[in-house]
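Labels A, B, C, D, E, F and G are assigned to the chains in the order they are written; within every chain, residues are numbered from 1.
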Amino acid sequence: METSIYSVLAFYVLAAVILGSAILVVSMRNIVHSVLFLAICFIAMAGLFLILDAAYLAVIQVLVYAGAVCIMIIFGVMLIQRTDMKQSNLFNRQTFMAGGVVALTLAVSGFFAGTTAWADLAANTPVPEDSLGQIGQLLLSKYVIPFEVAALLLLVALVGAIVLAKEVKANVDD
Amino acid sequence: MLVEFALHHAWLVPLLPALAFLIIVFLARPWPKLSAFISVGGMATACFFATLAAYGVFTNHQYTEHPLVYAARWLTLGLPGMPELQINVGVQLDPTSAMMLFMVSFIATFIQLYSVGYMKGDPGFSVFFSYLSLFAASMLLLVISSNLLQMFIAWELVGLCSYLLIGFYSHKISAREAAKKAFVTCRVADFGLLLGILGLVITFGTLDLVELSERVANFREYTTFGTMTLLAILVFIGPIAKSGQFPLHVWLPDAMEGPTPVSALIHAATMVVAGVYLVGRMLFLFHEVPVAMDLVAITGAFTALFAATIAITQREIKRILAYSTVSQLGYMMLALGVGSLTAGMFHMWTHAFFKALMFLGAGSVLHALHHKADVWEMGGLVKKMPITSWTFVIGGLAIAGIPPFAGFWSKDEILVVTLNGGHYILYAMAAFTAFLTAFYMWRLIFLAFYGEEKPENHPHESPWTMCVPLIVLAAGAMTVGLLGTPWNNIWAEWIFFGEAHHSGEIAWGAMISSAVIAVAGIYLAYTLYLKDKEKVKVKALAERYKSLYNLSFNKYYIDEMYLWFNHTMVDGSAKLFYLFDIYVVDGIVNGLGGFGKLSGEGLRVLQTGRLQNYALVFFLGVLAIAVLMVFAGPSTASLVLGGVM
Amino acid sequence: MLRTETYTMNFGPQHPATHGVFQVVLTLDGEKIVKAEPVCGYLHRGIEKLAESRTYQQVIPYTDRMDYLASMLQNWGYVMAVEKLMGLEVPERAEYLRVISGELSRLASHVLATGVYALDVGGFTGFLLCFRERERMMDLLEELTGSRMTFSYARFGGVADDAPEGWLEKLDKLMDDMPGYIDEYDGLITGNEIFQARTKQVGGLSPETAIDYSLSGPVLRGSGINYDLRKAKPYSIYDRFDFEVPVGKNGDCFDRYFCRVREMRQSVRIIKQAIEQIKEIDGPIKGKVPKALKPPKGDAYAEIESSKGILGFYVVSDGTNKPHRVHVRRPSFINLGYLDEMSRGWLIADLVAILGSIDIVLGEVDC
Amino acid sequence: MLENLFTNIAGLLRNLLDSAGVPPLWNDVTLLVVKLVAILVFILINALWLVLMERKVAGYMQARIGPNRVGPWGLLQTTCDIGKLISKEIPIPKSADKILFLLAPALVFVPPLMIFAAIPFGKDMVALDLNIGLFYVFALASLTTIIFWMGGWGSNNKYSLLGSMRVVAQMVSYELPMILSVLGVIMLVGSMNLTEIIAAQQNMWFIVTQPIAFLIFFIAAVAECNRTPFDLVEGESEIINGPYTEYGGMGFAMFFLAEYASIMIISAMATTIFLGGWLAPFGLTFIPSWLWFFLKMYVLIFVVMWFRWTFPRIRVDQLMGFGWKILVPLSLANVFVTGIGMYIYRAIGW
Amino acid sequence: MEKKISEIISELKEKFPQIKTSEETISVSTEDLLGLMQELKNSFGFNYLTNLTAADYPADAKGKGDGNEDEDDGEMEIVYNLTSVYEKLYLTVKARVSRKNPEIPSVFPVWGGANWQEREVYDLFGIVFTDHPNLKRILLTDNFEGYPLRKDYQWVGGRK
Amino acid sequence: MLTISLTHYVVLSAILFSIGLFGVLSKKNAISVLICIELMLNAVNINLIAFSKYITPNEFIGQIFAIFVITVAAAEVGVGLAIIIAIYRNKLSVNLDEFDWLKW
Amino acid sequence: MFGNGLIKGLRITWKEFTSKKFTVQYPEEQHTKPERFHGRFVFDADKCIACNLCANACPNNVIELKSEKVEKKKFLTKYVMNIEYCLFCGMCVEACNKDAINFSLEHDMSQYNYDAIPLILVEREAPKPEPKPEEATPEASGEKAEPKVKGKGKQKEETPAASADKSASDEVAAGKAPEKEGQ
């Protein structure tokens, strides 16, 4: 498979968008803006998945992350609205320490990423056309137990979230 | 083609009631009529398929030898060093299961129809139908199971439904207690069954009935005779409770607290025979172990006699029927125990019809009398409720064993095989039980339906939904026995174990004697309860043999014995363990805790309570491990980490 | 113990569902109403005070401006009070004209209330279709009085003008069409499941509370109290007509609304009977009224059943040609007094439904 | 001739570019851009036209005649309205979150445009023929929620806040039955490609085989685009105008037009999935396929409008209850029944 | 069961000797008011307070009522129109307070309907209804000065 | 430098992960922490899909793993938010510095 | 059950959709106004005897009337209605004994400037040597048929109403009613 200049270009553009919006997510002082940049980050990531021939995942990414997770977070933000929204997303006391740790992490992981000799098979094996069908087949045959477990997890999470966030009526003895 | 479809999609039969259950529970619950329609409709459709499937089986002789089995892989379990165990979910159709499939679905259909009338206006109408559907689904699943584990699952589901349905009137304390009792009793026994199944798996490495039967036949390749004995007895423990055999029969009479259709469906016709069915299915196992066979036979015979003696003194209509059920189940066990699958299954088949009929009749009576249950307070119902009464009488004739009603043929078959097997004591017990059966059943009939009318009662005939099942079942009780007459024993050609019965010579002696016994029992009942208007003789008899009477009336004090046992033994040991726990276990724990507490005080400073602090340190740790693993190699890393841990 | 926070929201004074300039200060928990404090008076013009500096006759146009949706009834109520004070007789034909115009006005008011209620719960078409019929009634009333809304039609001891030529026939035609129109509302609004879901079991009001809080009109009758002044204390000539008093059952929004719809049919009945009967009567439309309108000292209280409820006028005379005191018992005002209790625990959307079902007119509330 | 009008135009353009010596890749890109621009223009003009249609339909249903002054039969009415709205100032509330407030109306047209790129308007008339077209549509449709929310939140008004809460709740909960209802169709077709879904309806439209799914889809879709009886988001008698309360001028107009764009989308989707897309019924192929598509689409749009001008609005808790307690179980049951039906169909093998 | 209004009035007269009665009208003092009202509601079924209003009778006004005139500043009269919804009886109760110290017990405990009506009277006349749960201005703004329906209220402004 | 190799993706993922980690460690707002966790999970997803394409293009293991990651993330957000809301109702704050209940 | 009412509603809107519309295209076509329409006032200065009855009958002091005495008779010099305050209640029309003031069917009274709002019906100088103003004949009194009869009746009572005190308005208001009996 030939990697054209366009896909290279697309990669760089998308990477820049992802990283830029991620940095903004972290640095914004208004949590609402953070969430919006998060959405942008997710959408850009969907684009990245498209480059990686994972169209199904790209769509899932948009549907679940941008469409559901972001909205859920938005809901959370709305439910706990404060008047000082502009100062809602500040840094805490251990920021510098955290910066150190993160720099270290980046250094280590970057070092590994850069020095590992990744097996690069992409050049000669193209991704099959009908990826969606194959993923479906795999999910319901080979990976059926994890699939069911994930379904169960979602159910449990659903019930758990409802129970946790349920409004408790004021008791008489309160 | 449709028959073929039904044969190969027999799983639809349990699936349809299961679907009905789901639909009712999740969608149709607010609309009682809709729920009933879904339930009955699902059941009727299932019955239709079951009939087709049964037709398919009974028109093709190849299935008697080689059951029609189709299964899907469910689990593959493999442990190192052991052969891979494959568990399937599937359907096994042979004449036995086809017969059961038809019987269960047929009776369930009519009982559901009956319930439409019986439960009308009940606040839990929809729920009741959902339970009935669930029950039918699980029972049918049990019947068609090709696999012991699947059967066990269905077995437990059936138990659950029984629990739900007995406790259906959950506002009544007695109902709740009865439900608990049934559940606990069955659980005790199911434990035995589960152990048995596990043992079978470990020993033979398969759960499929067909395969298992093949392997059991050559059991010496796998195990010893002792183990087999143990396994057979363990397996038998399950049916003891489920089919109400002595000494675990105690739950069954109490289960009459449930609505009457439930009693009819579960505790007479279908669920309780699950145990018999299981024993029948596993007869290849028992067959290899004569001791177990004898145990089954003796348990059956004893239970039959024992329950019959209780039944003669009971006063509540449903209780009499319940003990009668226990007694008849004993018969079936006896038949299986003497090695005749044919007789056992045949009695089960006829019993299902007439006992369901009688329970439904009893329900109709209760319905009419506003749940007044004491037979002494009834009387003369035949004038007000002709349909109920006459169908009930048919049932009574059938159970008493008057030819040519259904019960006669099956009971006779049992007596004959017992006699032919040379079990004379058992034969005597069975014959006496037959006498008692005729007696107490007709005692019930004479007291309730004949004699003087009681002015305080205002009975009325039940609605058509209740009458139609009665009539249909009565027709069944009259005719289904003809399948197995000694002259033309179609039954035995299909359902047998080992060799097919050949309808050879006719045991005229046994036949006539059993008829005579039945007539004698009825006559005794007639003299004591109908002819003697004041019931002087009865009262005198009861007075004279007061101790015996009390013994029987109080069901031999078995419930009390269980209670006493629980109170003294279990509570006593519990006390002992309590002391041990307080001083020894807690002492150790507290000592360790004190040490931990002291050291914790010292380490407390490190604990900030802030999540992000922890995360920070955590990530530092992760980094350290990563670096370690790469630069010092994984083995060193694990060494170091192991030291830290 | 988990808790939730409430917040305050100003529902109005500029809000589409308050039917005018009216404010409800809502304390909300999520969308649920914890407290609803009505704030009225934005339209207060001091009509009671103004009346003290006008002659008796000059007060009539001011009464128009209270319940401007059914001003005919307002005129009538005031005129009745003064007539009671002075002991004036009203000629028969004038009584019939008053009944006809009054019922027509009630019809117009109810039609509007029905339509506006449909709008409140979100159905716009019902609203405009109701206006179509109201337009026909307004045309008729305009033909009778010269004005479309502020009629000033009643006079002491009679009415201002006789019915013009052919007017009664036109009215009869409208009354023939009216049941069909009402069927249309029933189909479009009343029978609609969404509408019923929105209104049934919402804002329930027990009969005891309704009486205790002096509620009146369809609000009272919706709770199952059969109390209509036209039947209970037949004023004017209402004892000559055959009609029924529609009564609700549960006292919820739907019952209040549906009472109005059924009352429309009754009004149509009354008008048809009145048209029949007025043809027989030929007489003056104004009784004998002294030239100098100076009622004797004293007071009088007269009440009629207006479209919103019991409309009472309390007039005190000091012997001059100007009233000493005029007080109006405004049904909308008093019906509104129970809004807070009625809307507690319901959602914002229900508040709209409840407010609409009371059918207030701010001109009357604020007087 | 008419049938292939648009494909011919595209072919012509391609040939033109080819002959001009443009490299094939650039050629593709150019064509794609041209298509997208055409779709954008189409959506905008159509939305304008739909506003007029709505007003006309409303008028006719209310015994009125609607706008008829500007242009013949009032055809230029909305154009003039837009002209007016463009020339108006956009007032920004003092305490509003300006970024969100201004961004929301600007973004609101992006998802519809992207969705329309994947819809086949006619035979061989699809800008992006995606393998997972159906899924793509839903994914993008879910993005609108955020945009509406941005507007509502950014306004910093309690009515807007309530409105945007309703938007989020409503859209999230109605997306579920919408996707689940389509699942039956996906099962029948075995593909999520919109072209293939249309092709599978050659013999029978899915509205026949999946009537309940169509019903659920249509109801959920009406709720998705916040139309009566599910227009709680802008229920003017309750929360004034919901998220758009503070908007004026073009900001409002964008939201307003976006509503019509989304109606178009749901109608186009329903047409594609259930009404056979551009397939001509009864063999009436002399009418070009794209015309069929628009015909069906406009019928559905009319039905949506008809709903709006007939039904009252339901309450917010009823809305949620309806979605979760009725539509979701029903759509699940539909999937289940479809599965069983397919199984039986294959087992019996008619 | 059914009682004529005149019978009711005469019965009341026995229980409350101080009241003055005329046809369908009872005049009562502020002290007796609450007791009388409770009696009327509980014993005679007057469960509906149709109307509650007041009128101002300053000393110099012509329409000064027929009450006692020793107060130099005149009086204000509160008028209650009562209805028995079930028996269709109507009764008017009047009570007078002095203009200098206009205080009268609230009838809100007897009829909930008095709530807004008393607030209105308070708003426009300045009559204080003691024990009223929420005696605030209702039609006028909270910072409005004066009580406009009193005869001595001077209004400034308006058109020339 | 005209091809995009696996290294590119891995480095991108590492940077994104670090950004997310920084957010997790240094933000006060609990919701913000949740958001940053999402960023980290997405970084992982990039890796998974890139591996899937470059190393086992025919087996889709990475993609399937990513699907599971997304599932878990959705569940995590749901429960996490519920917990935050519950905490907020108790403390009227989402400031993580104020939550030091993890000590005794 | 569920759905019936919705479908019925849809049917009704469909019916309306296809049936006749009620819209009246306003400036081109207009409703015919009833005779009694309360529109802009028309004033016949010749009939007016400046008795002030109308001004006194007005609830809102809309009418501003000035007259001068010319040859024992009052001569109307100014008759202005501050129409922004007018309630269009018709009291003035009813009060007028001479049928001098009347409603017309003209309804469009909006003005661009505030100053233009007051309706100046008469504004003129009193003539120095005044020729006797002609008495209005019944036929010329206006376009309505009804007031003709009224005019006749009123002439009889003309003299007592000449003074312009307040009680006059009451008298006229009361006195007008019996006249209508004759119709």
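Note that contacts are C-beta pairs under 8 Å (C-beta built on N, C-alpha and C of every residue); 3 or more make two chains touch, one makes a residue touch a chain.
All values reported here derive from a predicted model rather than from experimental measurement.
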Inset, instruction - If every step must land on a chain the current one touches, say how few steps get you from chain C to chain E. - result: 1
Inset, instruction - Could you work out which chain's C-alpha centre is the most distant one from the centre of chain F? - result: G
Inset, instruction - Work out the mean Cα position per chain and let me know which chain is farthest from chain D. - result: E
Legend entry - Chain centroid nearest the full-protein CA centroid: D
Inset, instruction - Can you pull out the chain pair that has more C-beta pairs in contact than any other? - result: A-F
Legend entry - Centre distance in Å when chain B and chain F are each reduced to the mean of their C-alpha atoms: 53
Inset, instruction - Quick one: report the Å distance separating chain E from chain G, using the average Cα coordinate of each chain. - result: 42
Inset, instruction - Round to the nearest whole Å and give the separation of the Cα centres of chain B and chain C. - result: 72
Legend entry - Mean-CA-position distance for chain G and chain B (Å): 98
Inset, instruction - Send over the residues of chain F in touch with two or more other chains. - result: 21, 25-26, 86, 96-97
Inset, instruction - Provide the list of chain A residues touching at least two other chains, using ranges where the numbers run on. - result: 56, 60, 68, 75, 92, 94, 97-98, 101, 105
Legend entry - Residue numbers of chain B (touch at least two other chains): 612, 616, 619
Inset, instruction - Name, in rising order, each residue of chain B that touches chain D in their complex. - result: 5, 9, 26-27
Inset, instruction - Quick one: which bits of chain C touch chain E in the complex? Just the residue numbers, please. - result: 40-41, 44, 46, 48-49, 209, 211-216, 225, 227, 232-233, 297, 299, 301, 303, 310, 312, 314, 316-320, 324-325, 327, 329, 333-334, 336-338, 366-367
Inset, instruction - Quick one: which bits of chain F touch chain A in the complex? Just the residue numbers, please. - result: 2-12, 14-23, 25-29, 31-32, 34-36, 38-39, 42, 45-46, 49-50, 52-55, 57-58, 60, 63-64, 66-68, 70-79, 81-86, 88, 94, 96-97
Legend entry - Touching residues (chain side chain F, partner chain B) in the complex: 21, 24-26, 33, 96-97, 99-104
Legend entry - chain A residues touching chain D - in the complex, by the definition given at the top: 4, 6, 30, 32-33, 36, 39, 43, 55-56, 59-60, 62-63, 66-68, 70-71, 74-75, 78, 81, 85, 130, 132
